[in-house]
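What follows is a single structure, written as structure tokens, with notes after it.
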Amino acid sequence: MYGAGKTPEQLVTILRTLHERHPDRAVLATRLSEEALATVPEALPEAVVDRVARAVTLGPLPAARGTVAILSAGTSDAPVAAEAALTIRVHGAGVDRIDDVGVAGLHRLLGVRDRLASADCLVVVAGMEGALPSVVGGLSGVPLVAVPTSVGYGASFGGVAALLGMLNSCAPGVTVVNIDNGYGAGVFAARVARNAAPRPDAS
Amino acid sequence: MYGAGKTPEQLVTILRTLHERHPDRAVLATRLSEEALATVPEALPEAVVDRVARAVTLGPLPAARGTVAILSAGTSDAPVAAEAALTIRVHGAGVDRIDDVGVAGLHRLLGVRDRLASADCLVVVAGMEGALPSVVGGLSGVPLVAVPTSVGYGASFGGVAALLGMLNSCAPGVTVVNIDNGYGAGVFAARVARNAAPRPDAS
Amino acid sequence: MYGAGKTPEQLVTILRTLHERHPDRAVLATRLSEEALATVPEALPEAVVDRVARAVTLGPLPAARGTVAILSAGTSDAPVAAEAALTIRVHGAGVDRIDDVGVAGLHRLLGVRDRLASADCLVVVAGMEGALPSVVGGLSGVPLVAVPTSVGYGASFGGVAALLGMLNSCAPGVTVVNIDNGYGAGVFAARVARNAAPRPDAS
Amino acid sequence: MYGAGKTPEQLVTILRTLHERHPDRAVLATRLSEEALATVPEALPEAVVDRVARAVTLGPLPAARGTVAILSAGTSDAPVAAEAALTIRVHGAGVDRIDDVGVAGLHRLLGVRDRLASADCLVVVAGMEGALPSVVGGLSGVPLVAVPTSVGYGASFGGVAALLGMLNSCAPGVTVVNIDNGYGAGVFAARVARNAAPRPDAS
Amino acid sequence: MYGAGKTPEQLVTILRTLHERHPDRAVLATRLSEEALATVPEALPEAVVDRVARAVTLGPLPAARGTVAILSAGTSDAPVAAEAALTIRVHGAGVDRIDDVGVAGLHRLLGVRDRLASADCLVVVAGMEGALPSVVGGLSGVPLVAVPTSVGYGASFGGVAALLGMLNSCAPGVTVVNIDNGYGAGVFAARVARNAAPRPDAS
Amino acid sequence: MYGAGKTPEQLVTILRTLHERHPDRAVLATRLSEEALATVPEALPEAVVDRVARAVTLGPLPAARGTVAILSAGTSDAPVAAEAALTIRVHGAGVDRIDDVGVAGLHRLLGVRDRLASADCLVVVAGMEGALPSVVGGLSGVPLVAVPTSVGYGASFGGVAALLGMLNSCAPGVTVVNIDNGYGAGVFAARVARNAAPRPDAS
Amino acid sequence: MYGAGKTPEQLVTILRTLHERHPDRAVLATRLSEEALATVPEALPEAVVDRVARAVTLGPLPAARGTVAILSAGTSDAPVAAEAALTIRVHGAGVDRIDDVGVAGLHRLLGVRDRLASADCLVVVAGMEGALPSVVGGLSGVPLVAVPTSVGYGASFGGVAALLGMLNSCAPGVTVVNIDNGYGAGVFAARVARNAAPRPDAS
Amino acid sequence: MYGAGKTPEQLVTILRTLHERHPDRAVLATRLSEEALATVPEALPEAVVDRVARAVTLGPLPAARGTVAILSAGTSDAPVAAEAALTIRVHGAGVDRIDDVGVAGLHRLLGVRDRLASADCLVVVAGMEGALPSVVGGLSGVPLVAVPTSVGYGASFGGVAALLGMLNSCAPGVTVVNIDNGYGAGVFAARVARNAAPRPDAS
């Protein structure tokens, strides 16, 4: 559920209703206001709050099938990366977080090539010029979803520079979602990763 | 190989060189000029020309693993859909083409829901307002890559309207590539489809 | 009356003056601030407040001639749909509200085709990618006015993505108004609907 | 049928096929190239060419019900106005053309107020600053569809200035279509005008 | 002096310094904050506050030579018109204010043609679609400076629609200043009007 | 007359008709195609061609009253400066041309300060960054009309950079016309200059 | 360190950690909030606050090698000029500040030509139309980095007009950084100036 | 000399004149048309043509002082890189060309780190997403000038995506020039490199 613009009372009602209907799986509410992050857990003590992702889950997370590696360029990209990570877990895939691997410090990125190769899907989160997906796409043939963030100022135009950079990536096989849309990238990547992993009952 | 801006002579040289280096797999050249489409086959009689995709392949196509369904909204979107299809085949996945299923004629789209469900990845090609991915994304949970095309006029701004429509899709799990980038969508979708399909030798 | 930027005192004065001049028909003030919504009714107890539309009417609504069906894609589009609905009533046509029929859930939309067909004009309200008018336009030949809303984030650019989507609709016969302009769509649709309905005294 | 990008041969085939299927009503092809305007009539001698509208019809025009007044600002807007006029006729409404009534020469516009009042729908075509719909909308309460044209240079940005002007019109009840979209305005206006006119068999 | 971003203390200091240097002519500070409008007069009791223009003058206004007619389209344009008016007076020309003559109500505008003709320069202030300068330019051959305002919403883009409308005016001889720049239009118009009027000492 | 888009035959007819109606004053046709520049004089031997301005006049130029100084930044701006100059002469004012005074070579500009001061109006033509009006506006208090040209490449966006530079000029009293609009600047400047000059018969 | 979006506690921790690691050189934190400017010095008494630059340094500034002249157009550009100056000092070059030399007052600029010539690199800071770098670039052959600022309103679009002006400068050898990016210009200019100056130990 | 828009005759005249005035140093003409590249050398046999740079020089190149390394991302960027290289040589610095080091193939770039470190200035040329300067800026502290090229399609918007990417580079100390402006980057870099190199006569 997209929580922006909803009151804490509305969020509690929706979360509770959905949870009662499907008590065996997790419900997710994203983009919560500061007020909602504080008051929803009071009304729903069993809810789990992820302050970085500004999100709440209610109900048990599913077992993970397949793995999505999430790379982020800088510390300011953390909320979007966290939203993607939580979404992926709620949608049934596993997560490998690789943070602070911006292109201006290549050595860190080069040090994680094994983790890239062993993932079933990559989610690459970056703001400013959004160059990270191109570099990662050159290092790996794993399907890659790029998430531009609104991190930046001036001619970043609220994430447009990063978005355009990713759409024009010289690395083949890069796809893109809307600015700050960790949720959408997470849903997509979880589907790809789960499909790529052998079903436990199929082995 | 991205063929735009290359002379027929350059194209022939590159195709021949790459083919000699890797005679067992197909080499692909896209975005060929009218002149190149006419003269490359004269120099390379074994090359296969796809006039709709404006592309040429040289060498045997690999066996297909997994299936990508390619949906296109209108007849003007055919070149981009064909470029995606050929790219997918060159990269080792199979293709199911579903053409002329624009959102203004829903019945045709509703009639192919089975084919959507049985694909491992969807590539959805549309120009103008770019609404097709949202509708398809609501009908299917298969990973979906949207390709905006430059089809349109006036306030379509050469495909920008379709691009923005797809980036803002209300259906979760839609990812997007650059305008007219059938090649990029194809590379990505082939990777997803191949990973999702059981390896023949693994059964 | 467009109420944005006017103080509660100004609004009360204008509403009272217009009402005294035309006591037999309703006066409408839209885009009221939170403060105005709270204080105008104190000064004008006979005023009717529509909190969702953020609007106030003073005086009796006219009898309705003809019907406008108002479709909205998501719950966040409700204020614009409500502004259109109230405007239509004030301008003398009837309203049939059809909410939450976004394109990602086609079955709900397909279930209301009869109501579309029996309307004299359609107002279709949607944010994000603004795909709903294209789908509705494919289902019905009733004149259709599309209203983009500022619902969305990132590359929605405050409603521009929806506006462009609607201007480029592949369904013929779709016209568009400014972002969030429920009032303008309402004035237009009421005129169309009234003209389309047989005059009661003409039967 | 939208003829841009289609070869004369394709156009002839489609026109002939559609005409054979529906010999009792007119088929319309718009946005024809110079070549198509010259060669289609040779293959289809019974086709009627409208050189200004750059369009062709095949088959009998229907009887007109209701009237659409088409106003255009300058002589350069003639092709779009002609496309709208022909579309309206093909879709069964009548047309009253009022040309060269730009806002810089108000007297001509003020002289046709009676014709505005007697129409069932207005189509107002203008390029450059696109001010005509606002002025006409202030003179008449008839439903008004504005068509921005790409006439202009520099900061007209191919019709964007006119489009924005019309979307922001201070006259209530103005709706807008895409730049140069005489066809879309015509389809819409014909529907409105026909619905507004009493059915001949109903009298 | 452009007062935006300056503290009340800075404003007082600059006004006092300039006034002491040139006690015989008026100093002007524009774009004052609410706080500055309240506190500057306390420190400078002889200052004259124009609350609508959000400006302050200190020192005697010069005698007026020549006349500028200022036309404004709607009540929301009043602050910009007032800033222009005060600037013109400070720069030594006279002002004739003509308010609320928007193009959707032509009769009011047609009623003031004499006042247009007797002015030495026109300043025309309008937001939204910015159509007023085109209509006024068609009624009069007096030099005309158009001022777009940020009045509007949605696709007005903070005055850009009005700015583009004015730059593309079909009336010849219209010049334009920046959005909301009543000051710049005033400086220019005062120069034109003063030059056009016979010098009192020259008669 | 704006000649772009008109055939030589149309131009000849309009010029001849207007000239016959007003044989005592010059008729002006601007923005002529290469073909029209070559063939119009053949049909109208008395017409005067200005190849740089891409314009033609027919009939006697009026006596000049008042003077407009036209400054241009670079040689590529010559066509726009020439169009302004011819327009000013046709509209009855005199012209002082000051070319190649770009801001990167200040000494040339500083050398013509006397000519700036003795003009009744300035027209300043510049492309690229459009800085010349700001510098000239700082050197002179004469009314100044700035004309951005489409000279430039890349991020000049066809003259938009120069247009924005001029609209944001830090020199007070600068007004602006559309990109490449030498005609509009000329009409305006001629009116200002004529009004500023004492009438010959009034002395 | 880019301090925007970091809490005072985070800033203190990072500054202290970096300072302990490199006690012999200065650490810089820019873009501090009002709160951080007030509280960081309380926790780190040895930190030096530059209120105009909104920045803090901790540790000794290096000896200066080479000189960067920083020119700014108006008083509102001071924060960006100050950020550049402090950055240059922290990166080991000297600074010569030349403020309030906007192009509308050329005499001040012409008076400092000697200081331009004796610098090893120029940083030119300007908002609004951003014309200053073109004029300075015409006066001097010293390498010049232009910094557009967000000073302006309306069609300045938050610094975009100045940015475009600088990118299109007619003076050769002008390079540009992002809007308000005094830090980036400072890092670059310090490198250039240091390299251009003879090393003290090399003499 | 910027040669775009000049006829071969004009080019020959200007080159000859400048060369006669300064026979001891090279004159440079850039952006020549195909026709000019063919005919200028016929008239000026001693001219040297650089077909890739689309430029011509006349007269002896100066001795080189300092070195600029020019990196380019792809083969399509070659014309801009060549224009920069020739400009640098004409302005008296040496050039080290490093081509085809796009970010999708990092190993090539990592293999040239020594050449980066030994240069006095870097010019980095890239189209599409323009990521190369960020990666190079992270590998080297040498002053870096980034040149976006118009290489790309769709949402590259003729080089705007690359330009924005470079302006928002996360690597500190990157400056940018206009799209395809190899000349401007070359002038700037030559100045920096020459200043950084010890004067031969100073040793």
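Should a chain be cited, it is by its letter among A, B, C, D, E, F, G and H, assigned in written order, with residues numbered from 1 in that chain.
Note that in this section contacts are C-beta pairs under 8 Å (C-beta built on N, C-alpha and C of every residue); 3 or more make two chains touch, one makes a residue touch a chain.
The structure presented is a predicted model; accordingly, all values stated were derived computationally and were not measured.
In terms of C-beta pairs in contact, C-D outnumbers the other of C-D and C-E. Chain centre most remote from that of chain C: H (centre = mean of CA atoms).
In this assembly, the C-alpha centroid of chain B lies 36 Å from the C-alpha centroid of chain D. Mean C-alpha positions place chain B and chain F at a centre distance of 52 Å.
Chain C has residues 154-156, 160, 163, 167-168, 178 in contact with two or more other chains. Two chains count as a pair here when they touch; such pairs are A-B, A-C, A-G, A-H, B-C, B-D, B-H, C-D, C-E, D-E, D-F, E-F, E-G, F-G, F-H, G-H. Considering their complex, residues 4-5, 148, 150, 158-160, 163, 178-181 of chain B touch chain H. On chain F, the positions that touch chain H within their shared complex are 76, 153-156.
Contact residues on chain B toward chain C in their complex (touch as defined above): 73-74, 102-106, 110, 128-131, 134-135, 137-139, 152, 154-157, 160-162, 164-171. By the touch criterion given at the top, residues 120, 141-145, 163, 167-168, 172-178, 183-185, 187-188, 191-192, 195-196, 198 of chain D touch chain C in their complex.
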